[in-house]
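Across the two complexes that follow, subunit A remains constant while its partner is subunit B and subsequently subunit C.
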Partner chain A sequence: MATPISSTPTATSSFSKRERRQSMAERRPSTSYTPAVIPHLAGLETPQEMSPLKLEECDVVIIGTGLSQSILAAALAWQGTQVLHIDNNHYYGDSSSCLTIDQLKKWCVDVNQGKFNHFKDAQIYIPGGKRSNKYTSRDYGIDLTPKIMFCQSDLLSLLIQSRVYRYLEFQSLANFHVFENDDFKQKITNSTSKHDIFTDKTLSLITKRNLMKFLKFILIEEEHVRRALVKQYSNRPIHEFLTQEFKLEESQINELVYSIGLCNKQETTTKEAVIRIRRFLSSFDCYGKFPCMTSKFGGPGEISQGFCRSAAVAGTTYKLSTTMTDFDPVSKTAHFSDGSNIKVNEKIIISPTQIPKFLVPSYQKLTESLPSYYITRLITVVKRDCKEWMDPPQSASAAIVVFPPHSLPTDNESAVQVIIQNGDSGVCPEGQSIWYSHTCEQDLARAKRDLECAFEKMEMALLRGTPGTIPDVLDDIDLFSAGTTPMADSFKLGSSLANFMPKEKVEIVCKVGYVQQTYINPDLSNVFKANPNNSITCKKVPTGVDDEDMIIFGNMPSSELSYDGIITNVKQIYARVTGTDDDFFDVDFEDDDEEMQDHQQPQQPQVNQSGQVLGGIVGGGRMDEDAIDEDVIEDDSDDDHKPFGVDQMEL
Partner chain B sequence: MSAPATSRFAQFKLVLLGESAVGKSSIVHRFVKNTFDELRESTIGAAFLTQTITIPETDTTIKFEIWDTAGQERYKSLAPMYYRNANAALCVYDITSRVSFNRAQDWIKELRKQAPEGIVIALVGNKSDLSDNREVELSEVEEYVEQYNSEATGGGSTIIIAECSAKTGDGVLEVFNRIGRALPVEEAINAAGGRARQAGGRRAGGVDLNRPRAQAQQGGSCC
Partner chain C sequence: MQHNVKRVNISAELKKLKLEKDQLKIKRYQELTAKLFDLRDNNTYTQDAFNETTTLLLMNPEFYTVWNYRREILSNIYKPVGANVDDYAQVLNDELQLVLQQLKKFPKCYWIWNHRRWCLFELVALHRVNWMYEFAVVSKLLELDQRNFHGWQYRRFIVENIEKESVAKDPSHEKVILLKIKLDEFDYTTTKVQSDFSNFSAWHNRGNLIPKIYKLVHEIEVPAEFKERVKLFDNPYDILIHELDMIKTGIYMSPEDTSIWSYYNWLLTDDFFTKAYSKEEYLKVLHNQLEVISEVNELEKEDNGQDNIWCLKSIIFTKTLINKQQRGEVLTDEIKSYLKILIKIDPLRKGKYEDQLRGVVGIV
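Let's turn to the complex of A and B:
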């Protein structure tokens, strides 16, 4: 079993722990007007001169303002590292940008001209052009790599701990639909308690009992019992485990594995799937009756901006539209496109889409041996609010739709996962929605067919709900239970029917497709068990100077729908820069006096005694057999809030 | 805890803009620090500074959530997040520097592109204590603003003009009081829907990360 790299300094680390620099708080005593515990806010208090870049030296240069580089910048800055953070685009976010439609048009052109390494085959379709299809570009914020946040996750803990959450707004996400037999189902995921499952008349008594047995096993079973049973199946597909041990049927399995677990493949191992299912269930009821959240106005693109601001407050220098043109490893001098140069004391961390020309050959050489994975995305902005997928419609602004393997007429081998966000989440105007779909299918022609097919199914679902196709008698529920059409299971049609126009195509504002490449395995195994053989961030980049280890290449975003794996990856790089990740964001903001009196103290639920942030399928080595249960069990063994009413479960 | 002395409460986001070294931060720190003993100073860690003022005529307490540029304006690297939902902008120039006044006008142009409609803009000349070295006359500023207002189409925001000295404190509080009076207090209170002490504009479905359910339940057990 591999040791998680995040907890041990790497062999190539240039510091020993003893030699570490002092933390920011130690190096910069606070000024008189702030309480002693708040570090000197360099960015706030000492504005520097205007451009061109007038810094003479810095400790670390970070190239690219994507989510992981932004978190890294903030973590290093608060630790006391002098960071210069640049991006060759004129906007923040890099591969995780949140773009307007006009920016997206330009981005597609740039992708097809090969400007962004690891992106290709970009297409954008705007029906009627701007004249007949009136839209205001800046009303849209379209994420290049959209993600959802589990309520029990390391990133959320970090957002709270770092206070970056104060720049953001979060909205609940509780609607998970799974497509099966040409129908969108939502049996388990819309159950907020045992009671709901038991009152669902479409489930047989035996099914209910088996389902409850499984939920109990996941949530409250003794750790050693669960571990022992999972171990028996370990690398065998989750389907085997669920059918043999819990006698669950295809329908429940699909929902557990693909909707709740967000797994991609039929072959997903029991070990991985159990972790993923548990992630959902233990995230439930942390902040309310929902397991996930989305951030308003944009996902990773918005969160990156928040961390960049935090980094700036701690003294990081920001310069967009700038590239590094050369680096001399002997004098450690970096040259930039604005003609300035700077001495870099420690490290240069580079996004894979912004590799400076002089480093392209070594990047290619280092990545040669790494297996790469494609993620194909199709993003559609539709002129519908898609409330049909959202419950309660008045407050929900997002939903997940999953097409399990082999559920589409294209006989898809990988799941198609879709995030729907409507105007209430600030990413597009009211009355419209963005459908973010993606698949990990490696045959790109197939991937595109699968995505198009999933889009058609969703479009049809909306159109099938038109008044012309349903009976005249509009009872509140069980509209289609007689079998006229199998639509009504998850669609709350009663109140929103009036909005439907019969026999109309779903109108589109914009449709974008592209292919992204990453070296992160979709199961995140080479993030949680990263080593120089399987992870680009652990590889030493030759600079031509003996034993000089100054350059670190970052990772492209993974295909994972949640933010899992990102913090683990950032900590690996952080440890490579500072020698350890022990003090990763170890900043004590003893402020908020007023807020704390008004509200309760902000929660830091996943900080365990050693200060390590845990949650989700995260915390280095969580993918290990031993780690499956430990942390997760600890997380809620003493909780008052048992999701799904597990405290009342009787079998 | 210090309950607001007034019965109405509204919170607004105010952003700072202007060339580096014109004293944006100093004005805010004067505003926040000067009143340290009378009112509570609150520094929200890495996030932003806050300060509260009272408007007696309307019986309203206004809390400013003040976003400093944190140096990100230096290389024109302010993120869209900075402007988002800003209710007011303090656009600062240095009365002893014509260049800084020209830059302030650029920032106002930028605000029209990036900031929400109806944002209250205060164009403030700092360093009024150095009027011997004055390069920017108040009359020119008035002329510029008149020009701006005539060009602004469709309910464009009007600009408040003021001069102050962060060094002596002259005029600083007055700037914020004038901004406070220009802000749409009624709208904010209505939008907050009676949820006092909640930032205006938060919509239904939003999650308050200060209120995890687990803690709420534990808290309930003490009754």
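Let's turn to the complex of A and C:
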């Protein structure tokens, strides 16, 4: 970013320390199934109620209100544990917060002052500042860790099981674009449904056959056959598997691996990629013709707020702007910044961004041996609704754009993944959109170049695709060389003119970049196969008292674009607290049956016989899900071969 | 939507729990049944009894006796004998609403569909029927499950009535009106098979429409606005080639899909096509098809190391048609050898192939 960067908010700005987005309780819900009463969340709707904690003791203290801590708080509270949930910020969400622009400005300053462990290199650029770039900070809800949700995923079933979904609103996400040969493919989900394969005129019959074979293999092949074939390739790149077994061509492979599978690297193993591709395909058609959803008004920030409210209903005590200042492992007394002292009976679970000072040395020691991974993010708010990428434009509010490895002029090694959400999703005003891009490239200079380059490509595509731009230029040229250039030639020149044009820019409201660090492997292997050697959440934190295992450090969010891995990770911590995860959210809401029927939406996702919800499992080599989404491919095993006209076929 | 849904087997313990939980419901159901049977035996036709049938039918829509009783009540207490037509029409429209709610839950229950038809005929008698509304309803239901054959049959029923109504309004343009409606229906089947060609009902409807449209096109002067759309229906040969080309994609994508083969068999044997062109043309088509299927079968062999059952069956079918045309021997050594392969690779239908091999059962 060579453009001016203001990393200090001007002293004169009207920024109020308490500025925040409207909470879900203050907002008017836009769907009918949202409950009339949304439970109060301490310190949010009524920030003045910030008196010292009046608890004498509690079972568990959770520090940080990020997504996984919030889910954990709700799970423990519903199980009967007395939880004290605090956050040292004056807002909810921690590293998965959803912030206004002014909050974000302050956040960037704090990051650069080292106030947020695991975040660094924050930059924020607001062209023209507040004067010429008129924006209302609170109209924006920018997720620090944006994510999308697959329709078959453990988080979605948990949202339904826990009823937290009723505080939230979801929107479908069906637009996946892949950047290839310096262009965006028009319609990208060509190879995901029988209909598209059947009607696509650009595919040869043989290609159609191969694609169909692959779809059947993924969705309806007997599990043991599928596993056996995948096993032969196991750790070899997915590319080899798709070429050798299914004779697929480059462009279909790119689509399957990077857009449908959302894989990051060319070397992604067959085992991992197949699970990822299956995740997409089995999610398709669960609730409609889309594989994913986004939550309205914000992603992980909204969902974590929902779980906090659920936890509050179950009796969790909340307090913001509070830190733990000390802990005495002998008397089990925790001291807090508001002066209160509380006895903690069981455990203290701490977000890695909010490690209390007295624990910093032990956190550093424990994480020393863990390989860490960087996620570089670039978030841009543009004054465009980006309908070009959304189909159908009237109702779609989000899209995914993927730049596969080596597709950018920077010869990117890692894919760049972008979530686009426009005003219809409630995260920014109408006519604007937020582009959340990120990469797992570990060379940070390179990562920034890749992200900038991807941004330029998207910007160019928007300008090129905008009606008005090229005709305007043509008019100019016609005027300039009147009488010499025939009109027909000008039209031919169209595409090259796009590069010739004076460089116009897509108008920007705000641009934010930062680097996030995590100990979770991008393939999520150390979540699904976590042990004390590879995962911070499994490590015992020495307290100085023998055999005392009271403190648990949490994980930073992973680089994964979906919510996969989060529930698994939370369950591990839950089991460490309670001894087992058997009763994880095993809540019996009394009015279950009737309620579910009254609220037709969302429906219960399909669950297989072992009770496990399908999809949502990536990288851990757990291929035990056997769901088939019946509607994608259907197979009539009717062997009646009489000619048509036989009426029993209709009766 | 309704297909390939596996039955969930619950454990004996869960079954027992459910049974215990449902005890109240079961008791109520049994009491209600007994009560309604009594009422019916005594020819009781009251609003109360009517309401009780609603309760019971919501619990069990398959209970046709209760549907019958319900209709008896409707006829006895609401049907106007010089009484208010509006009231009865309102009652019937309420019935349609109830039926629609039930159809969403039980889209394959014959008695609900049956009751809907009965209501419509009652409305016809009152001149209060709205066929276009029904058409919208069935279109919506087929969107939810495009392979529900009840829905397809109901759609044909509605379309037939729309045809009658439209023609009655403007009898002088009968055939143009019919042509337009049938062309729309034909296009509807196109969209449905494109979205999922594994759809017996859609192919069947298509097969029904083709000869009818063809007939109409050749009976009247087609208005200019339909010229483009009827091009396909110039002659049976063009239709045949067009349809074969359409299913060719399906054969490549999913040779084990029986709905396609069933349409294929119809295309190659129905008199509408076979009598419309010369023997030479027919043989040419058959040979072309044989080539396509053999190619797919070769691809399948390459991948799976053995013939594809459905391809092989269709090769036998097509070859037999050729042999018949040429008045040659039907059960040639070649066909016998194919049948022997089928006996091996498709053991479930072994008996049938053996019978065909012995000449006891014909192939076409």
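One rule holds in what follows: the second predicted complex is superposed on the first by the 499 of 651 C-alpha atoms of A that agree within 3 Å, B and C clash if a C-alpha of one lies under 4 Å from a C-alpha of the other, contacts with A are read in each partner's own complex, and residues count from 1 in each chain.
Assume a residue touches a chain if its C-beta (ideal position, glycine included) is under 8 Å from a C-beta of that chain, and two chains touch if they have at least 3 such contacts.
What you are looking at is a predicted structure, and each value in this text was computed from that prediction instead of being measured.
**Student:** Is A:Ser397 in contact with subunit B, with subunit C, with both, or with neither (first, second, both, neither)?
**Tutor:** A:Ser397 contacts subunit B only, not subunit C.
**Student:** In the superposed arrangement, which partner chain does A:Gln113 touch: subunit B (first), subunit C (second), both, or neither?
**Tutor:** A:Gln113 sits against neither subunit B nor subunit C.
**Student:** Output check: A:Lys213 vs subunit B and subunit C. Expected answer is one of first, second, both, neither. What do you get?
**Tutor:** second
**Student:** Going by the touch definition up top, name the partner, subunit B or subunit C, that contacts more of subunit A.
**Tutor:** The partner making contact with more of subunit A's residues is B.
**Student:** Of the two partner chains, subunit B (first) and subunit C (second), which one does A:Ser132 touch, if any: first, second, both, or neither?
**Tutor:** neither
**Student:** By the touch definition at the top of the document, which applies to A:Leu205: first (subunit B), second (subunit C), both, or neither?
**Tutor:** second
**Student:** On subunit A, which stretch or stretches are contacted by subunit B in one complex as well as by subunit C in the other?
**Tutor:** Residues 639-641, which sit in both footprints.
**Student:** Using the touch definition up top, name the residues of subunit A that touch subunit B in the complex.
**Tutor:** 33-35, 38, 41-45, 47-51, 53, 78, 91-92, 156, 159-160, 162-167, 169-172, 285-288, 293, 296-297, 302, 305-306, 308-310, 312-315, 317-320, 322, 394-397, 424, 587, 589, 591-595, 597-603, 605, 639-641
**Student:** If we count contacts the way the header does, which residues on subunit B are in touch with subunit A in the complex?
**Tutor:** 1, 19-21, 24-25, 29, 33, 36, 40-48, 50, 68-72, 74-77, 79-82, 84, 197, 202-219
**Student:** Okay, in this complex, where on subunit A does subunit C touch?
**Tutor:** The touching residues are 194-195, 197-199, 205-206, 208-209, 212-213, 216, 609, 628, 630-631, 633-645, 649-651.
**Student:** Subunit A touches which residues of subunit C in the complex?
**Tutor:** For subunit C paired with subunit A, touching residues are 1, 3-5, 8-9, 147, 149, 152-153, 194-198, 200-201, 203-204, 207, 248-250, 252-254, 256-259, 261-263, 265-266, 269-270, 296, 299, 303, 313, 317, 348-349.
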